[in-house]
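Presented below is the structure to which this report refers.
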Amino acid sequence: MHLTEKEEAAEILRISGVKADNCMQCGKCSAACPAGAKMDILPHRFVWELMNGRVNNLAASNTLWQCLSCFTCSARCPRGVDPAKLIEAVRLSVIRKQGENRLNVDELPAEIDEMMPQQALVSALRKYNK
Amino acid sequence: MVYNYYPGCTLSTKAKQLDLYAKKAAEALGFELAELKEWQCCGAVYPLVQDEIGTRLSSVRSLAAAAAIDGKLVTLCSACHHVLKRVNSDMAENKEINAKVNAYLELDKPYQGETQVLHYLEVLRDEIGFEELAKKVVKPLTGRKIGAYYGCLLLRPAGVMQFDDPENPSILEDFIKALGAEPVVYDYRNECCGGYIALKDKSSAQNMVSKILTSAANKGVEALITACPLCSYNLQVNAAAAQPLPIFYFTELLAEALGVKEEV
Amino acid sequence: MQKIGVFVCWCGSNIAATVDVARVAESVKSIPGVAFAADYRYMCSEGGQELMQKAIKDYGLSRVVVCSCSPRMHEATFRKAAQAAGLNPYLVEIANIREHCSWVHKDKEVATAKAIALAKAAIAKVKLNTPLVSGESAVVKRALVIGGGIAGLQTALDIAEAGYKVDIVEKTPSIGGKMSQLDKTFPTLDCSACILTPKMVEAATHENITIYTYSEIEKVSGYVGQFEAVIRKKARSVSVDRCSGCGICSEKCPSKKAKSEFDQGLRNRSAIYIPFAQAIPNVPVIDRENCLKFQTGKCGICAKVCPAGAIEYEQEDELVTQKYGAIVLATGFEPIDMAKFGEFNYEYCPDVITSLEFERLTNAAGPTQGHLVRLSDGKKPKSIVFVSCVGSRDTTERGKTYCSKICCMYNAKHAMLVKEKYPDIDVQVFYIDVRTPGKSFDEFYRRAVEEYGVQYTKGMVGKITEEGDHLLVHASDVASGAQLSVPADMVVLATAIKPAADARKLATMLTASIDTNDFFTEAHPKLRPVESPTAGIFLSGVCQGPKDIPETVAQAGAAAVKVLGLLSKDKLLTNPCVATCNEQTCSGCLACEKVCPYGAISAEYKLVNVKGLKERRLIAQVNEALCQGCGACTVACPSGAMDLKGFSNKQIMAEVDAIC
Amino acid sequence: MLAAQSTPDKEFEQLIVAFCCNWCSYAGADLAGTARRSYPANIKIIRVPCSCRVNPTFILRAFLRGADGVIIAGCHPGDCHYTSGNYFARRRMTLLMSMLSFLGVDKARLRVEWVSAAEGNKFAEVMTSFAETIKALGENVKLRDLRCKK
Amino acid sequence: MQKIEQLIKEKARDLLAAGQVTSVIAWQKGEMFYDNAPGYFDNTEELDALVYNAFCAANLSKYLIANTKKDEKTAVFLKPCDTYSLNQLIKDRRVQREQVLVIGIPCAGMVDINKVKAQGLKGIIGITEDGDNLTVETAYGTKQVARAEVLLNKCLACKGSAYAVSDETIGEPMAVKHAPYDRFAVVKELESLSPQERFAFWQEELSKCIRCNACRDICPACSCEQCLFDNPESPLAGKANNNSAEEQLFHIIRAYHVAGRCTDCGECSRVCPQGIRLDLLNRKFIKDINEFYGDYQAGADADTNAPLLSFDVDDVEPGAATKGRE
């Protein structure tokens, strides 16, 4: 079944459990985001797009892969919106599709050094691959 | 006092000292960490969406096991604490997730989120008390200017973690004071170290770590303590060559101050 | 047999849209006792009231039921109308078929059925109504104003001007309130002291006004027209008559470590201090916590150096009891605490200050004599960032859900004052929405941008960090979707405002309603904004909700007029729905007397004729002037001897029977 | 005469009596109206000056005459317009609720809530949740005078 | 108890003879030896009808209401448990304290004749007390019975030998020996049942009520000039029950009206011809009051405010009573 962009956005809002309409576009989440420098769509615009039923540009954005799930945005949002959950919901909608994994497992060994804890591997694989 | 203990996979291997010193210090302080018989990996990241049930099951198994004993579960690694506590809150507050998880697990007694998840630091602060801890210090770390590095997973989101004030925490500073050292407050103590981005975009991690270390150095910090193996990794491996700082697990300093830190 | 008239109101479409008013009128016709039933478009209108009065005369109605909006809205209107037609006003009952029916149910069938049920209940009750006559109680021709800020002063002055006595009780050592701490005021930028001090002097010298400073309300009892307040005049340890205000004692006082509350803690003050230059009364107060004499018994320098011998260490708190006809709450506001907002680094960075502290910095009488300097190194800042909505419009448990209303205007004011005095300083304001509504306000804000070059950026500040000798403000630019890291020498936080700390304690004392944010609740948000629902209690200024000085002064005057409306009456009609004791069945156990909050019940031995047998019995007596009609006694009384007029046991039972 | 646990029949039309105090919860109900909140129509409000005016005999009379649920709504303790009215009401209702439950009446049939004049939404939510509770409990047959069956 | 009867008679004779009081209230022989009734004596001749033995359970304090209305002084002999009821009547201003001469008399616990019969004894002629036992004379021979086994239910919850109020006392205080007894045991047991079972229990229990009003008339805490149910003006007037709901209504309201006044003297269930356990209703209220508002013994003194006539700002919330229970 092929969802229209509006339906897909609604579905993402549903599985994220976030009431995006509470957002008043104050921009505090983007202000505090430690990974904002490399994001093409900052968290407040991310929420804005979803509020208006648009998700394709979000799915194509690099925000999904720069977000650290550090919950600074969720903690400081004055309206109780949780941008981190929305970003994860869109990220999952991408990597849950066939062949959309973003971490090439074969190249991984080169990355792993002696000190690296398994926590890093498990969290990266859980965030970037399905 | 014996606490059910959930070590987590990383503390069994790469972050062995964090766990070892914790046990030694516990002994000195008169309590014991009894590892759960069966526990599984917590999944390292908390599943943020509502429709992921499978990735919550391993945490619930451990929580239910602790509930069957005395209803308390102590954690040490920040990530495990974060995942277990948030999944626990889901089981208590989210009817839908609770129903699905209990349907999957078919535990003899359905789990309702009744276990109390306590971090090792919360045991020190709330159950032992930092004044008591200070009395037991034999080798006070006098004169050492130590910075606390909290990271994200212990503090946020405040509503669920209820660990400390995420914007102005004090538990690690009080801990440092109890050990006789001088805590130094710097701006980036509760900002992210980059976490798993190290595997995806090393430069991002280096950028964040340098901000943290510079901010600490500017305030005269001589060493940082943390409770998270991944933060400890990033702060060391991804520190730009210019200003590395010694990074310790907080339990190492604890063991040292209690005089039980033989060379491991 | 009762002849009841039932009038069903359309309320335009408010009721008629979801209640079939005709069917309601029709269906009640069949109820025994109903002599007349009709529906009408606007019962509260002239036409509606005439319809009722005509029906009363034509059909000789002995009772009236109006099915309309809430009795809290038009019960008085319909009672007056009935009275005009010769019917005792308390023989009218209201069925609330708007707020409790048409507005909360959508299905017409269901709403109509409920309206009929409510009408039946009202009819059942009205059959048992008895004609009641209001008693009278005297009005003490004196008003009490709690709070000596601009709101309290303005209200007191307006009342005093009309010739009535007014007492102002101010918690701090001087009147003036928050306004006395400000430098300039918007929208005209004139100096706050210049427009406030004359009012303070006028109040201090007005023969009808008595001012209690450094005093608090200890206890309040009584009711509208007959309040009795106990005022605790805290010991100043200085004689107000002999002291000339020369200030030598403050100079010589060795204990200088206490933080000056007036200067928001930006400088210290001595233990014996006058809060600010224009303070009224211009008499110091000894802060006994920090005074060496009181703490250690040593010192006593101020007594030695005082030329007028005005120092009186042995002064005690004094309790003054006073009767009042009306009480005005003017307790003002405080900025919220920054403890839960660690991301702004207020606690650790001296150059991150609140707007009220900024007012003190720019005030000529302030700690820096008006020189705008950084608190860290005393140097002039090259760039200042103003942050709006710190803690306001915040639905999480950290902040306040409401908009504090005054910050956008004073942010623009501050920005302009800086650019006026120091054109070379860069000024940037971060905002969510600039809210400057009303006369000449938006022009004021735009002047800051268009004439003074203040940079306004839509976006919030996420974190403030220290970078060497300056601050780094991490914010976002919502319009361009970019992250900003703005270097700044000083950051001013426009913190949310909340009611004064003792508002809730006063609300309990005065049984005035208060909302979850601790603002006093007004009797009606639109129609009665300056009165509390509790008769005789009035609201002036920010204690009722965030507002700026122009609105405060306007509302202070309005509150004064309401007080004058009350004080001008010699007699007040008291609520006739009070308790009454049936001497035949009263057992004299006086359980009622133990639960009466107003001490309105006493006991007397009386000769009671029971079936021809005269017996001397102890009977409870209700003082109708004191009784407020709460009904606690009617339930404490097992035999039902104690009953409440207007809400009697039989009436309520009749309503229950009609409904079930 | 004891009816088995009543099975909630289809067209069971529950009847709920609400005693609302004039200064707080009645005003809260008005506010719910002005804010156009909605709640089930089978709740009928009786105005009393204060929650301390509600006599247990009124509540028992309501159950006797066929009410399925009774709710008393007063001011939040400390906010009572008559200073101490709701404190007495709180003790009376605590004992009454305990006794009714002791007699076997389902404890959820009698409820006490504190709703201020500013809590319009809370009033609507409380009434809706109470109506759902009573609907789940079904028709009240205990304490009921069968002659009053409509 | 024989000796005490003698002392009482002498005391009464002296008081009446000296004219110190115009009347004396005590117990007098009834139809059967175990059926003593309250006695009103205003001259010395009638005093030989006065008795005091193991069957004088009646609580005499309520009879003072009528007496103290006349300006006469009355003497009354009260067992320790009866004195609590007198204190409550004084607090309710139903008895003028100055017109009463209270004489406290010791009590070793009153006997329930039904329990004696339940021991399989037939044709009982008389019972005499000796020490902790009773010798029961029957048509078929005499039998010893331990007093502790045949005490009235109310005596199992005896409040001790102290007098809550007394002007004088006669004899030495006696202890009531009985097996350990928790007066709330049955209440707790009922609380643990399901609502259905509780409703069935009370339905069964209260359906026996014939509205004879004996419980109301004997109850010293139920002392209204005109009772709600007798007052035609009151919406709840009603002499007989038309169905079970009204039975329950009468008993709940009566228990509610005496809540905080009931001294747990047990008279209501003792006098109930149908043997309904009415004391359980009062004890439920007492248990709740003790649990939520602190232990309170009605009549312990004549001035502390009754629980339902006072409050505390941080009382429990109304749902507290049944939290965690069906």
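When the chains are written out, they are named A, B, C, D and E in that same order, and each has its own residue count from 1.
Following the convention adopted for this analysis, contacts are C-beta pairs under 8 Å (C-beta built on N, C-alpha and C of every residue); 3 or more make two chains touch, one makes a residue touch a chain.
These numbers were taken from a predicted model, which means no experiment stands behind them.
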What shortest step count links chain B and chain D in the network of chain contacts?
2
Touching both chain B and chain C: give me those chains, sorted by label.
A
Let me check something: if the centre of a chain is the mean of its CA atoms, which chain is farthest from chain E?
A
Give the chain pair, either A-C or A-B, that is connected by more C-beta contacts.
A-B
Distance between chain centroids, defined by C-alpha means - chain C, chain D (Å):
31
Separation of the C-alpha centres, chain A versus chain E, in whole Å, is 76
Need the CA-centroid distance for the pair chain D / chain E, whole Å please.
36
Whole-Å distance, C-alpha centre of chain B to that of chain E, is 66
Send over the residues of chain B in touch with two or more other chains.
166-167, 191
Spell out, as numbers or ranges, the residues of chain E touching 2 or more other chains.
228, 235, 308
Among the residues of chain A, pick out those that touch two or more other chains and give their numbers.
37, 72, 76
Please give all chain pairs that are in touch with each other.
A-B, A-C, B-C, C-D, C-E, D-E
Inside the complex, what are the residues of chain D that reach chain E?
1-2, 5, 56-57, 60-61, 63-64, 77-78, 84, 87-88, 90-107, 111-112, 142-147
Listed in rising order, the residues of chain B that touch chain A in the complex are 9-10, 13-15, 41, 43-45, 48-52, 55, 77, 79, 152, 155-158, 166-167, 191-192, 194-201, 204, 207-208, 228-230, 232-233, 236-237
For the chain C and chain A complex, residues of the former touching the latter:
343, 389, 393-396, 398-399, 432, 458-463, 474-478, 481-484
Report the residues of chain C in contact with chain E in the complex, numbered from low to high.
582, 584-591, 594-595, 603, 615-618, 636, 638-641, 649-650, 653-654
As the complex stands, chain B meets chain C at residues 165-168, 185, 187-188, 191, 215, 218
